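When the chains are written out, they are named A, B, C and D in that same order, and each has its own residue count from 1.
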Amino acid sequence: MAPQRSVGGGATGPVTMARAIGMGLRRALEDDPKTLVMGEDVGQLGGVFRVTDGLLKDFGEARVIDTPLGEAGIIGTAVGLALRGYRPVCEIQFDGFVYPAFDQIVSSLAKLHARSRGRLSVPVVIRIPFGGGIGAVEHHSESPEAYFAHTAGLRVVSPATPNDAYWMIQQAVSSADPVVFLEPKRRYWEKAELDLASSPLPMGEARLVLPGSQVTLVAYGPTVRTAIDAAAAAREEGISIEVIDLRSLSPLDVDAVEASVRRTGRLVVVHEAPVSLGLGAELAAQITERCFHSLEAPVLRVGGAAVPYPPARVEEHYLPDVDRVLHAVDRALAY
Amino acid sequence: MGQVASAWDGTEVGPDPVQLLTPAGRRVKHPSFAADVTLEEVRGFYRDLVLARRLDTEATALQRQGELGLWPPALGQEAAQIGSGRALTSADHAFPTYREHGVALTRGVDALELLRMFRGVDHGGWDPVATGFHLYTIVIGAQTLHATGYAMGLQRDGRVGDDGSAVLAYLGDGATSQGAVSEAFVWAAAMNAPIVFFCQNNGWAISEPTSKQTRIPIYQRARGFGFPGVRVDGNDVLGVLAVTRAALAHAREGGGPVLVEAVTYRMGAHTTSDDPSRYRDPDEVAAWRARDPIDRVRALLEREDAAFAGLAAAVEREAEELAERVRSGVRSMPDPAPLDIYDDVYAEPHAALERERAEHAAYLASFEEVS
Amino acid sequence: MAPQRSVGGGATGPVTMARAIGMGLRRALEDDPKTLVMGEDVGQLGGVFRVTDGLLKDFGEARVIDTPLGEAGIIGTAVGLALRGYRPVCEIQFDGFVYPAFDQIVSSLAKLHARSRGRLSVPVVIRIPFGGGIGAVEHHSESPEAYFAHTAGLRVVSPATPNDAYWMIQQAVSSADPVVFLEPKRRYWEKAELDLASSPLPMGEARLVLPGSQVTLVAYGPTVRTAIDAAAAAREEGISIEVIDLRSLSPLDVDAVEASVRRTGRLVVVHEAPVSLGLGAELAAQITERCFHSLEAPVLRVGGAAVPYPPARVEEHYLPDVDRVLHAVDRALAY
Amino acid sequence: MGQVASAWDGTEVGPDPVQLLTPAGRRVKHPSFAADVTLEEVRGFYRDLVLARRLDTEATALQRQGELGLWPPALGQEAAQIGSGRALTSADHAFPTYREHGVALTRGVDALELLRMFRGVDHGGWDPVATGFHLYTIVIGAQTLHATGYAMGLQRDGRVGDDGSAVLAYLGDGATSQGAVSEAFVWAAAMNAPIVFFCQNNGWAISEPTSKQTRIPIYQRARGFGFPGVRVDGNDVLGVLAVTRAALAHAREGGGPVLVEAVTYRMGAHTTSDDPSRYRDPDEVAAWRARDPIDRVRALLEREDAAFAGLAAAVEREAEELAERVRSGVRSMPDPAPLDIYDDVYAEPHAALERERAEHAAYLASFEEVS
């Protein structure tokens, strides 16, 4: 499933996540002539975040497609292209604009493999810059992952680092299943070295980011950085936090979380999406069932309120930050 | 390839529908479209039409007996379906709604495969790749976008031009209101994709007459998107064949999309769950019965084909065999096994689902231990 | 919020849920000239389930509207009608056909009150016959409630009895907020007497259906009947189950569930929707947090598998039934 | 009511756009549309145009200074906006996209109210009921359905016919591809709703030229749905006014929907986040600069209005005051309070949200205790 090739020469210099995704897409276009990139403004402009910058020039209009303005059209035609053997990577310009395509995603894309009893595959990737924290206007800061993770037939992943972004986008393209690829847009410009030499972690596995002993802190996408910062701050106060980057939301790597919670006895989950019916709820339910006798505190959740994403100048109070995470950690420890 | 020379220059044709065979079974000429078919082909259409209708009658009966969960009859629409289905080459690809049973037969889908989803043992049932006939799509209009994307794939495969192939996307009159269908029109036009949208205007979307969807004829919708629309008598198999062939040829050769409106009538209920007496006038149904698509081919052959009596008898026998095979085949279709529901959700292993399957298996096994 | 009027004469004779909803709609149309009914086939045909039967005849085409075939159009124009002061009750023909309207529901309907800082109200009701068990073809048996309950700005309710259906549809119409009204279609034909005399429970409150002492069993919509049957079967084996009908999924009446679990110490949640990220997950998370020290077993969930709704002739293995509920009850008791 | 007699009979007009004022500021006659306005009105338009542009310039500057989060300039589109906005009566209702700043001013929306959402303190900012100007809608096309529903409400209120009112729905050229917009066309036609769809074809949808969306002129889209389309020079305030008035009159009087395509140009960036040099030719921009919507009104008034110098000076002063008020007003806009996010999510109490708010309040209070 995952491209396991190792490329000579590991060092790339620090690369932003936006650029890393672009590099990964370029590799996918080079490796398989069936790979396509499509969406609003992905060609000439290189996307509003410049993730696809340069691809039109190098791969041409047949493979890098500036589509008409309609998300149902983008995903619906991508399904058709996939049925014809292509591997379309669709860009949805912002999280809040994926909903016009919801029917195509939920009723066609997610179901065609099952409906056809495996005869058809629809390896479509849907890239969505998601989440808040960039001071944007409405509909540009949403975290719709629970809608997709609740939908059978989709895989849902979110990288938190440039290196994961580079590899996971390639894994997503080569996956035989449809993949919703959530890009934490407020981390687009954070830089790190890519590791081109070693083979990547499978797309569906969580990663232990920081070992710790007292509390397990689970995050994904944009909140992984928040979790790491929280762990660092906690360490100053003598609290040892283990940080796990989920990476995949469907499937959820509950085994990895369970293994950690068995050691720490406490779990805090942090995401930007509303807490209510968010990924934290599912983790809370599963981990409580699996670790009922070893949990020292209930699973606590830190995330968005059950309100529409608020205006930019109050978003810092909506978004989980280090303080709110530590508040939950303290509560977990106080049980 | 089944392509015929046609005088059609890609301009809009309507509101009078193209007609090459009158309800009385007489051939008429049309300035742009010719029924360029041999007698042998017409005999074939007769067979197709009769078998399609027989399948329909049989499936309706099986539903009444509780052997099928549901059946959406194509009764009355056989000419629209056989005419368009027979216009396809084996390299073309069709995207049906849920009612194109006649087209399915022309694509080599076995009647029993077709009935699997209506029996409730499957959501699909046939091989869409081998048949060039995509699975039925129940979500109104969704397939028109898939079809457009597939046509974009043909373009990328270099399959447009001489020896090109095309896509035929079916839709209903009601479907023209869905945003997805308009987006398909936008995409097809913007991409100049090799696709023909084939709208069977059967007068009704469940209980709503076409006038609830549009105040102008449906073939004219294409005008607004910059491609040609053609209206054809949907109960005239020769007219439908000629128009669809010409439209497909136009698309295959790089002319871009065409919208065909086949004016026909749903003689039966919307589905076996429906009661059309609540919303439509029996006189309307009677008027359309006089325009029956099979009667006019029979009339033509009775006049032009000396051997028709033999054909009619042979087709009747074949229909009887089909009916019998369907009856016994449906009854003996095994139900899916409980754990089948976990199959093919993903093409590659999905850890969370594997866990659910294992738990379900253990749960089922716990009963076996007991018993 | 709730119509509190009591009408003389309580007895109606047994009435099906489908008919009770129709009666409630009729009352809403009579009581407020701004109430409208709209959707595909709701007029002349009276809806594919005949819920709106007779309304066109009595209230006319201006108020009972057979719309063109497009769900985005139905909800989008209903939003506009609401902005003009109307109270549209939209019918979505089947659960699986609500997704083309998802953008209008999530980005417009749910948000307009907040976006306008309360200046605008959009009292639209979306009626959706939902759930499986009727032997239908694909897209006719879905349980999409988690998508809506996860969406801030919507209220989500589901009646389980004719009496609740009759009252709750009126409460939904008179609510100033948008309401997703989920009708358990496989219970449409179950009959019960309506109580026209006493005033109804508020729309957002759960109802204690059966008292019990050992396990709390929470259900809503179609699974309330399953839960009652399970409780009856358990009683035969000497197990005492308390059954709660949630009625409202947003807001969730967690207080009511908590009060019960504090008595029983055990909770099983049952719904048809996929367990993963379903309502049971949210209840598990919240109840575990609130009752951490009084829970004798982890919250257990019984529901659909994370697969597309299966073909009719295997749906009985997908749907939670009495055996699966009792299996979970046994597991809870075994802790 | 501001309705004017017009010779327009409801037929399609194009592809030559209606023009009543040339780029050089000369009046021209059109067989169907007349610039039936007094000199005083033209002076008013001049003021509107200049104020709209000044607001735009100022907002762009404020964004550069970090005082606004984002700004979508309407630069170059002022005539399309003022002409259409001034065609509305107070009983009409407009549904904008996110760029109709000029229209907003004509509806009495205060500039500072307008800037609240771009400052990031609000998602709306003005009273849509009092102004007859709905909130901005960012989700492309969504507002066209709301507008259609609102127009259906007008019908139900008996507000069609003599003394009727109508709805004006704005959309962009890119928006014509969205399914929601086509559904609005379907509904409006099926219901014969009193609505005018006003498409500002400004040449671009972010980086995509209009040719990526459609291969025929946009006003022709309406053909496919059975209602008239009219193309107008969007940089000609008199032409836009006349066409929009005629279209609104048609709608108010029960003639049903009209699509107006105002051919204009987005002189600035898509938004302050955009870099148009990546996708468009400076020559194209220069060519459109020669068609500036304000220049031509100025040229007209310089010729026809003896008192123009005084007007120009007065308008300049007013623009300066507006700019100053905007600068200081934006800077002093208070941020929302943290707990404001819980307000107005529901119109009636929602127990679960109340709980979240209480927890959040307690959390915030815990800091205050500490400090």
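Some points to look at:
Everything below uses one rule, namely that a residue touches a chain if its C-beta (ideal position, glycine included) is under 8 Å from a C-beta of that chain, and two chains touch if they have at least 3 such contacts.
Computed from a predicted structure; not experimentally measured.
In this assembly, the chain whose C-alpha centre lies farthest from chain C is D.
A comparison of the A-D and A-B interfaces places the larger number of contacting C-beta pairs at A-B. With each centre defined as the average position of its C-alpha atoms, the distance from chain A to chain D rounds to 37 Å. Between the CA-based centres of chain C and chain D the separation comes to 40 Å, rounded to the whole angstrom. One finds 32 Å separating the Cα centroids of chain A and chain C. Shared contact sites, meaning residues of chain D that touch two or more other chains, fall at 122-123, 139, 177-180, 183, 186, 190, 212-213, 345, 352-353. Looking at chain A, one finds that residues 67-68, 70, 72-73, 96, 99-100, 103, 107, 111, 114-115, 138-139, 152-153, 252, 276, 305-308 touch two or more other chains. Contact residues of chain C toward chain A in the complex are 72, 96, 99-100, 102-103, 106-107, 110-111, 114-115, 138-139, 146-147, 149-150, 152-153, 252, 274, 276-282, 284-285, 288-289, 292, 297-301, 305-308, 335. Here chain D touches chain C in the complex through residues 122-124, 127-129, 134-135, 137, 139, 142, 144-157, 179-180, 183-184, 186-187, 190, 343-348, 350-353, going by the rule given at the top. Considering their complex, residues 40-41, 43-46, 48, 66-70, 72-73, 96-97, 99-100, 135-139, 275-276, 305-308, 310-314, 317-318, 324, 327 of chain A touch chain D.
Put simply, chain B touches chain D in their complex at residues 176-180, 182-183, 186, 189-190, 192, 212-216, 220-226. The touching residues of chain D, counted against chain A in their complex, run 69-70, 98, 117-123, 138-140, 174-175, 177-180, 205-208, 212-213, 273-274, 278-279, 335-338, 340-342, 345, 352-353, 356-357, 360, 363, 366.
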